[in-house]
Amino acid sequence: MTIPELSAFLDEVFPQVKGEFTLLDLTATTLCVRLNVQEHHLRPGGTVSGPSIFSLADVGAYLMMLARIGREALTVTTNCTIDFMRKPEAGRDLICEMRLLKLGRALGVLDGLIYSEGRDQPVARASLTYSIPPGKDMT
Amino acid sequence: MTIPELSAFLDEVFPQVKGEFTLLDLTATTLCVRLNVQEHHLRPGGTVSGPSIFSLADVGAYLMMLARIGREALTVTTNCTIDFMRKPEAGRDLICEMRLLKLGRALGVLDGLIYSEGRDQPVARASLTYSIPPGKDMT
Amino acid sequence: MTIPELSAFLDEVFPQVKGEFTLLDLTATTLCVRLNVQEHHLRPGGTVSGPSIFSLADVGAYLMMLARIGREALTVTTNCTIDFMRKPEAGRDLICEMRLLKLGRALGVLDGLIYSEGRDQPVARASLTYSIPPGKDMT
Amino acid sequence: MTIPELSAFLDEVFPQVKGEFTLLDLTATTLCVRLNVQEHHLRPGGTVSGPSIFSLADVGAYLMMLARIGREALTVTTNCTIDFMRKPEAGRDLICEMRLLKLGRALGVLDGLIYSEGRDQPVARASLTYSIPPGKDMT
């Protein structure tokens, strides 16, 4: 799948996050996604909340998986591990650089770094595992 | 801190999640919290979203830490690891049973199980590490 | 599989760890294993090494899986997460209390606590995921 | 600390692993280490054992920390998360490419990939957190 296809798919199946994520770059094994930080992502002091960082990592990994296995396939997060290293800066979007480390028949393994846009030091590190259940309707 | 004190503190510092969490039981090393599932926690099909499960684990662990170190102290999540094991059932709140495994001077380690209310099999398992920065104004 | 069957299987397939582990108790979802601490498990100061703690968690989880899926089945560790919380005491064996949280067709999820024998406070917490590849020769 | 200093330090404090690890490259934020695979690292079929992979990740991260904080400082592993992705190839050493993502006053966060030497696809991914206790004798 391409960036426009992935974006359209995201809007279709998760309308509740419409406009929150922008896909910036996609290769065979990497995906760069921006979280367009909105009021409801924030915590007091202007920092981005933990659940918002989790969402960004999970959306990035999910779309990377879909880019490879196709939209008809099912895939679900089975593990997500996040190290929170620095406080996100107020007034900046977050950028997630996700990479696919393994794509097997039953499992995908990904990891990524998350940055406050324009900064060098990552605010968080995430690794995720996705399970690919045998599809019923894949022909 | 007691359950009413923790609840009041949560409402005060995180007004954006007001009404989402109910504290059910607190001991020296355990805390049971309910996520009162609302429309915005859901994904298509009525299941609770991953970020909502993350929030529940993080709020549960954070309040367990505060119960022990007090509201003046600072503490921040440094790691969160979640295994997603089963799909939460539609139409049921989530219950998180968090326990404190270690409370050191600089770090707290916790883990917990998350259930669809009234069910025996956990939907997720979480472990979290909190850092306790040396407080400037604790006297 | 029973404790004697699991012990015999371990000796057969991993002769290099013969005598290191003793299976103490097994139920449908829990397994208690002792690491009989030997010279080569130690670090200066008499504490048990990290790799030895890893081994204990991995052997405990592997045997718990085998107890349920049988010795003909294949299963491999796909993720292991360990929180090291306290230094193991010199001169004491380690006890691992492992529990099976989920056993699906393709994945098993387990977690456990590890103690210096006779002590109340865990030295480590581990969670592990096992993949169960579709068996070729299971009939 | 430099590579020769780190190697000498490792031999001095962990004589039991003497000769197992070779430090290949060190920068301000990365360290490349080889596990010189020996008989006792192997499992049936010639693959390298999980505990040996754990050791390699832990030694790599520990030496990367020491390179920055100095040999007088204390630092202990508080978390290690490993995704096992592919079976290591028989007859090949393992290479760990570790990087330091954060070095704070109290915590260091690192992650790395582990390869069978000469191969492109990683066999494992590891992330580790080190705690730096306030030193007693650092002046």
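Letters A, B, C and D name the chains as they come in the text, with residue numbers starting at 1 for each one.
Just so we're on the same page, a contact is a pair of C-beta atoms (placed from the backbone, for glycine too) under 8 Å apart; a residue touches a chain by one contact, two chains touch by 3 or more.
This is a predicted model, so every value here is computed, not measured.
Just to be sure I understand the contacts, which chains border both chain C and chain B?
In this structure, the chains that contact chain C and also chain B are A, D.
Using direct touches as single steps, what is the fewest number of steps from chain C over to chain D?
Each step joins two touching chains, and the minimum needed here is 1.
Look at the interfaces A-C and A-D and say which one is made up of more C-beta pairs in contact.
A-D
With chain centres defined as mean CA positions, report which chain is farthest from chain B.
D
Determine the centre-to-centre distance between chain A and chain C, using the mean Cα coordinates as centres, and give it in whole Å.
Inter-chain centre distance comes to 33 Å.
Taking each chain's centre as the mean position of its Cα atoms, how many Å separate chain A from chain B?
Chain A and chain B have C-alpha centres separated by 23 Å.
Can you work out the whole-Å distance between the CA centroids of chain A and chain D?
So the centre of chain A lies 28 Å away from the centre of chain D.
Two or more other chains in contact with one residue: find those residues in chain C.
In chain C, residues 78-79, 81, 83, 85, 129 touch at least two other chains, as defined above.
Name, in rising order, each residue of chain A that touches chain D in their complex.
For this pair, the touching residues of chain A are 81, 83, 85-86, 101-102, 109, 111, 113, 121-122, 125, 127, 129.
Which part of chain B faces chain D closely enough to touch in the complex?
Those in contact with chain D are residues 78-79, 81, 106-107, 129, 131, 133.
Under the touch definition given earlier, write down the residues of chain D that touch chain C in their complex.
Answer in residue numbers: 13-14, 16, 40, 43-44, 50-52, 54-55, 58, 76-85.
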